[in-house]
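Next come two complexes built around chain A: one with chain B, the other with chain C.
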Partner chain A sequence: MTANPALLLILGAAGVPLLRGLPRHALMAAVPVAGLVLLWALPEGTAPGLQFLGLELMPVRVDALSRVFATGFLIAALLTMVYAMHLRDTLQQAMTLVYAAAAVGGTLAGDLVTLFVFWELAGLSSAFLIWAGRNERSHRAATRYLAVQLLSGLLMLAGIVLRVQSGAGLEFGHLGLDAPGGALILAAIGIKCAFPLLHSWLTDTYPEATIVGAVALSAFTTKFAVYTLARGFAGTEMLVWVGLVMAVFPIFYAVIENDLRRVLAYSMINQLGFMVVGVGIGGALGINGASAHAVADMVFKGLLFMSVGAVMLRTGTANGSDLGGLYKSMPQTAALCMVGAASISAFPLFSGFATKSLIMEAVGQEHLTVAWLLLLFASAGVFHHAGIKIPYFAFFAHDRGYRVAEAPLNMRAAMVMAAVVCVAIGVAPSLLYDMLPYAVDYAPYTTAHVINQLQLLLLAALAFTVLVRTGLYPPELRSVNIDADYVYRRALPQGWRALSRAADAGRARIGPVLRRRGGELWEIATGPLRPGSRVSRPWSTHLMVWWTALVLGAMLLLAFL
Partner chain B sequence: MKDDDDRRRLDEPRNVTRIVYGLAVLCALIFAADLFYTKHPHFAVEEWFGFHAVYGFVGAFALVIVAKGLRRVLRRDEDYYERGDDDG
Partner chain C sequence: MIANLPVLQVLIPLGCAPLCVLLRRRSLAWLVFLMAALGSLACAAVLARQVAAHGPLHYAVGGWAPPYGIEFVVAGYNTPVLLVVSGAAVAAAVYSLGSVRTEIDDRRAPLLYTFLCLTLGGLLGLTVTGDVFNAFVFLEISSLSTYAMVALGPRRRALPAAFRYLVIGTVGATFVLIGIGLAYAVTGTLNMADLAARLAAADSDRALYAAAVFVFVGLAVKAAVFPLHAWLPGAYGEAPSTVSTFLAATSTKVALYVLCRLTFTVFGAGLVFGTMPVGRIGLLAGGLAAVAASAVACFQTDLKYLLAWSSIAQIGYILAGISLGTAAGVSAAYLHLINHAVIKASLFAAAGLVLVRLGSVQLSALAGLGRRMPWTFAAIVIAGLGLVGVPPTAGFAGKWALASALIEAGQWPVLVAMLVSSLLALGYIGRIVETAWFREPASVAEPSGAPASMTAVVWVLVAVSVVFGLDAALPASLAESAAEALLNGGG
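Right, the complex of A and B next:
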C-alpha cells in the first residue's frame, strides 16, 4: 500500500502549473480535500513497510496523534490554497502544496528516515515562498532561512545516525533526551520549533515571505516540529521551562514591534511556548492540549496572517506606523481579523479558549504554580498584542486616509472558512476533542473558567485602553528591534570584517618588521656556512683528526650508557 | 472609491469615550461576578477575590511599561541590517 495523502498532495502540486483559470482553482481546492478523505479512509496502524537501500521504512503510520496533526495540516492547506487562488504565480501555489505535503508526510512517517526526508522537504519547499518575493531583500532572507533549515536537517540526520549505530533502530516512537542521538534530534526540533535563542530565523524571515507565503509558513513548519516533539519527547521536564520562556519573552517584543506580520511571528513563538509546555508535562492532558492547541493555532494564526496579508495587498505595507482606519474600506477583513484575534486570545466561544485551557488544566493538575502564573501572564500578553494591537493599529487607531478595495473574493472566502473553523471549535470543542490522541475528560465551559478568562481578558483590554488614552502606550515607530538574529546578521559579519581588517592592518604594520628581522636572523644563522666563514674554511688535517676522535669517542660513550 | 471626508461614528471622540466607559462598566461587572460562584481552584491564589481581573490588568500594564523600557535598548533604525551589509 502506498496510499499516502502526502504523495497525493505532491502529485496535485505537479498539476498546478499545467492548468489555468478555473480548472487550476478547482485542482487547488480539490487536492487538500482529497487528502483529507484519504487520510480518514486509511485504517489505524502502520501500513506494510518497504525496503530501501537495506533500510526498513514505514512511510505511513496512522494513529490518533498523527491523524489529528495531519488533519490540521490538510485543513490549513485547503485554507491557504483558497487564499492563494488570485495569484498568477504558480510557483507559490505549487510549492505551498509540496510544503503541506511535507508536513503531512512527516507527520505520518513511522520511521526516522522518512521523517528526515520530509523534514528537509519542508525546509526546502518553504524557502521558495520567501524567494517568491523576487527581490534582493527576499532573496537574502530566503538564504538565511534555508541555511537554518538545513542546519536543523543536518542535526537530525546526525542524531538518527547515532541512534541507528547504537542499535536503537529506525522506528519513530518516543526518543527521549538521554537516548543516543536524542540531544541532537531535540536540537534539530528546537530550531524548527523556535526554542529561545534558536528562534530568530522565524521572526527574521517569516515577515519577509510573500503574502501567501507567510500564511503557509505560519501553519506548517513549527507545528510539524511540535508534532515531532510530542511524539519523541513527551514528558521531558526541561521542555516545561523552555516553553515558559517561549511563551513569555516574545510578548515584550510584540508590543514594540512595528511590522504587524513580525508581531504575529512573535506571537507565534508565544503560542508555541504553550504547546511546548504541554509536551513537557506530557501525559494524556499535556499531549492532548499541545495537539489541540497546535491544530487551533494553524487556523487562527493563519487567519490573522491572512487578514494582515489582505491589508498588505491593498495598501502595500504591514507597518503599524503607516496603517489605521481601514475598517472603513475593509470592514469584512476587519471583522474576520477580529475573529482570529478573539481565537488566539482564547475568548470564550472561540477556538483558543477550548484548546489552551487543556494546557492550563494540565499545568494546574501538576500544581506548577510558577508555570501557571507565567502562562496566565502570557495569556494576558497575547490578548494585548495579537488580540488588540493587530486589529487596532491596522483597522482603527488613526485614519491614515487609505481608501482601498476590500480583499479579493478568494481571500475573503478563505478567511471566512478559517473563521468558521475557529468558532466551530470554540462553540463545540468536542469536534476537536474527539480527534485527540487520548480521551478527553475535561469541560472548558464551567462558570468559573468562563468568568476567570473574561476577567483576565477584559481587564487586560482596560489596561490597553488606559495606556492609550493616557498616552503612555509606546507609539508605533519605524524601527527594528535587535534580537538573537543580531548574532548572525550583524555581530558575526561585522566580527569577520573586523578580523579581516585587523589582519590586513596587522600585516601592513608587522610585515616589514618581520621580514627585516627574519632577514637579519637568516644572515646570522647562515653566517658560519658562507664562503670564508669559519666552518666553510678548509680545515687542517690535525683538527679533522681531533674532531673525528671526539665524535667516535662520544658514540662509544653513548653505546655504553 | 469613497470620499475622503466619510466620517463614521468612531471618528467622533465622544463615541470613542462612550465605548471606553462601556468597557469600564463591563470590567466592573465581571470583577463583581466573583461574588456569585464558587471556585474550585488548583492554586491558592485563585481564591483571592478578583484575582484574574487584577492579574490581567497589572500584567498587561506592566508588560507595556517594561516593553517600552526595553525599546530604549533594542530599538534601531529601520534600515539597520541593510546598512550593515554595505559596510564591507
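Right, the complex of A and C next:
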C-alpha cells in the first residue's frame, strides 16, 4: 500500500485546491510524472498484502499487462492536466487527478475488492466532471451517468460476493464467464465498456461533460474496463462478436450525428469494439493488440477531444453545422487535430496504424474471415466519421465567419505532447511493442500492409471528395459511406429525412403528453414519501398506538398459530 | 476498585444529575456532565479490558446475591455498547459547550445537563443490568429524561414531538413491563440468568410466548423499528443539536442491544427463532425499513429530518443482522451498530454546526454554501459516504459483513433491499452535495463563525469513522466477541 502511484495521485489531488498560480500548475504536471517514475521503479510482482476485515488484499500488482495500461493512464493524466491548467475551477482539476488515480489503482489491483473500490471511485469522481458544467442540463446528465456507473458497481460487487462465497478467492486473475459470478462481473464491465445496448450512457453523457471533463472521460473509464476485460475474460469467444457489433454499428450513428463530441463518443465505441475483439480472440497477439490499441486510443482520442474542446472553448459550439473555416484562425489546433485524425484512421506513420494492425493480424491468424471483413469495413468507417468528418467540418468546409483566437497555450502544449506521442508510436512502434505483455513478433511496416491500408484510406478520401464536390449531400447530413452505392446514398438521406420528420411530428404530438403523464405518475408514486404526506408527516399518537397494537396482535397471532 | 466498576459506571452519571440542578450555573453543570461522561468512559474502557482479559464480571448490588438481589453483568455482549454510549456522551459533552449556548437559555441549560446525566445513567444501567425488572426501571429513567430533553428543543414543534414520543414510548415501556410480568408469572424470577434456566424447562407455555411478544414489541417501539418508528423523525429533528447527536448514537442502539440480550441469553434462540417467527418478522421489518425509510429520506427538505429517516433505515440493517440469528449476522449487526453510531453522531453534530452558522437546516438554505463552508460540508460528505457504504469508510465494513451474513443465510430478498437502500442513500447524500456545491446561493449573508468545540467534535467523529473503515480491527473484534458471548451464552 505504501508505494502506489494511485495514492500519490490522490495526495496530489488533495494539494491542488490549496495552491494557486504557478505552484499549482507545477504540481498538476509533476504528479502524473512522479506517478510514472514510481510505477516504473516498482519491481514486477505483487507487493506484500494487507489484511482488511479478514480479507487478504493485494493493492499493488505490477506485471507487464497492468504496467502498460497504467503507463497509458498516467500519460493521459499528464496530458489532461496540462490541458486543464487554464481552468480556475480547482474542483475539475482535483477530480481529474482522483479519476486518473482510480484508473491507475484499479489497473494495479491484485484482488477484486481493491478493484471494486477503484471501480466505484472512477464512477464517482468522473461524475463531478459532468456535474461541473453547473447547469440544469449537466446536472441531469451527471445524475444519469452516476446511476449507470453505480449500477455497474453493484453488479460487480454482487459478482465478487458470489465468487468469494463459492470459495474461488479474491485474487483478480482470469475470471471466465462460467465461473460463479463471472456473468455478473462481465455485465458490470460491459456497462463501462459500452457493450451494445449498454452503451447509451456513453453517447448520452460524454458530450454533456465540460471541455476538460470530456478529455478525461475519454481516456479512463472505458479503457479501465478494457483492462479488466483483458485480465479477466481473455479468450472468451462471445466477445469477438460483441466487439464486432461495437465496431460496426456506431459508424452509422456517427455519420448522421451533428454534435462533433457525440461523433467522437460514437467513434470511441467503435474503437472499443476493436479492443474487445482483440480480448475475445485472446492469446498473445490478441491481448497485445487490445493493450496497444487501448494505450494508443487514450492518446489519440484524447487529442481529438482536446482539439474539439479547444474549438468549443473559442466558438462556444461543437455542432458540425455551425462550424467551419476555423483553419484560418486556429491553424495550429487544426494541424494537431489532423494528427489525431490520422492516428485514429490508422494512417501509416501514426499510432493507430501500428496498434490496430495487431488486432487485424490476430483476427487474420484465427481465419475469422467475416470478422476480418467487418473490421476492415469498420476501419474505413472510422476514417469517414473521425478521420475526415471531424477536422473537415470543424476547420474547413464552409467558412462560418468565426475569427477567434488560437487555443490557449496550455491547451496547445497538451495537444502537441499528445501528437508527439501519436507520431512516436507510429514511427517507432517498438517503443510501445516492448512494453506489451507478450513478446511481439510482428512488423507493421511491410509493403503489402502499407499499400493495403493506403488503398483503403485513399479510396475513402476520394469518395468523400467526390461526394462533397458534387454536392450530393445535404449540409446537415454530410457523410460518406464507401460501400454504399450511388442510389443507396441518395435513398438513405431522403429516407432518413422522411423518417426524422415523421419522428419529429410524432414526438411533438406524443412527447409532451408522455412527459406530463410521466410527471404525474412520478408525483403519485413519490407522493407518500414527500414531507407532509401520510407517511412522512408526524403521525398522530393514536395512529402510532394503532400500529403498535396491530404489530402486537399480528405477532401474538403468529406466535400462537 | 475494579470489582465495583460495573456499578460505579452507572452511579457516576446518576449521582451527577442532582448536582447539575443544584449548581444552577451553565458552566458548572457542563463541567459536571463532562466529568460524568469522562468517568463512565474511563470505567467502560477499563471494564472492556477486564472482560477481554478475564471474562465476564458479575456484581451483586448491595451485596444481595442473585437471583434475589439485583445483579449487574458486564460481558463481551455489552462492552461495545458501554463504550459507544459513554463515548457518545463525551462527544456530546464537548459539543454542548458551543451548541447549548445558542439553543437554550441560561435558566434551562442546567436542566438539560441534568437530563443528559440521567439519560446516560439510565442507558448505561440498562446495558449492564442482569435483572429484567431493573432493566425496565433504567429504561424508564432514560426514556423520561429523553422526553424532557426533546421538549427543550428550540422550535415550538419540539413540544408536540416530545409529547408524541412520550405517549408511544410509554406504551412501549408498558408492553415491556407486561412481558416481564408474564415471564415472572411463569417462572417466579426476575434475574436474567435464572430466568433463562427456568424458561428452558417451561417450554411451549403460551404465557411465555406472550411474554416474548410483548417484550419484543415494546423494545421495537423503543428501537424505532419500522413501522413503529414514527416518533423518531420528530424527536431527533426537533431536539437540541447536542441531544440529537447523543440520542442518534445511543438510544435506539441500546434498545437493540437489549433485544439481543433477551433473545439470546434469556428466551433462547431456539424459542425465538425456532418455535416463534420472530426471525422472519425481523427480517421483513428490517428489509422494509431499509427501503421505505431511505426512500422517504430522499424527499426530506430538512437536514435533521433527513438524517432521522436515514437512521430508521440503518436500524433496519441492524435488525436484519440480529434476526438472522447466526454468529455472522449478530456480529455484523454489532459492527454496524458501532459504526453507525459514530457516523450518525458525526452527521447530527455537523447538522447542528450548520444550524449554528446559518440559523436553519432546511436544504434550501444550504444552497451553494459548499464553497463558503468547505470544511463543514466536507465532513458531511465523508460521513455521508459512510452511510452509503462506500469503501473505505466504516459504513462499508458493516455492510460488507452484513451482506456476507445475509448471503450465508440465503436471504436474497433482504440483500436486495439493502443494496437498493444503499443506492437510495446515495440519492439523499447526493442531494446534499448537489445543493451545497452546484446550486446558486439563496442569500448573500455570510455564515457566522463555527464554535471550535463543535467543529472539533465533528471532525474527531468523522476521523473515527474513517479510521474504523480503514482498519476495522477494533470494532470487528468487539463485534465478534459480542456475538460469541451471546451465542455461546458466555454471560
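Rule of thumb we're sticking to: the second predicted complex is superposed on the first by the 474 of 561 C-alpha atoms of A that agree within 3 Å, B and C clash if a C-alpha of one lies under 4 Å from a C-alpha of the other, contacts with A are read in each partner's own complex, and residues count from 1 in each chain.
The rule is short, and it goes like this: a residue touches a chain if its C-beta (ideal position, glycine included) is under 8 Å from a C-beta of that chain, and two chains touch if they have at least 3 such contacts.
As the structure is a computational prediction, the values presented were derived from the model and not from experiment.
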item: Partner chain(s) touched by A:W40 [first = chain B, second = chain C, both, neither]; value: neither
item: Which of chain B and chain C A:W241 touches, first, second, both or neither; value: neither
item: First, second, both or neither for A:L154, with chain B first and chain C second; value: second
item: Broader residue contact with chain A after superposition on the shared chain, chain B or chain C; value: B
item: Partner chain(s) touched by A:Y445 [first = chain B, second = chain C, both, neither]; value: neither
item: Touching partner for A:A460 - first (chain B), second (chain C), both, neither; value: first
item: On chain A, positions contacted by chain B and by chain C; value: none
item: Parts of chain A lying in touch with chain B, wherever the complex brings them together; value: 137, 140, 251-253, 255-256, 327-329, 364-365, 367, 369, 372-373, 376-377, 380-381, 383-384, 396, 399, 401, 403, 447-448, 451-467, 469, 472-474, 477-483, 489-490, 493-494, 497
item: Partner chain A, residues of chain C touching it in the complex; value: 160-161, 163-164, 167-168, 171-172, 175, 206, 209-210, 212-214, 216-217, 220-221, 227-228, 230-231, 233-234, 276-278, 281, 292, 295-296, 298-302, 305, 309, 390-392, 397, 400-401, 403-404, 407-408, 419, 423, 426, 430, 434, 437-438, 471-472, 476
item: Residue ranges of chain B in contact with chain A within the complex; value: 1-2, 4, 6, 8, 10-11, 20, 23-24, 26-27, 30-31, 33-34, 37-43, 45-46, 50, 52-61, 63-68, 70-71, 74-78, 80-82, 84-85, 87-88
item: Footprint of chain C on chain A - complex, ascending; value: 52-54, 91, 113, 116-117, 120, 124, 131, 134, 139, 143, 146, 150, 154, 157-158, 161-162, 164-165, 526, 529-531, 535-536, 538-541, 543-545, 547-548, 551-552, 555-556, 558-560
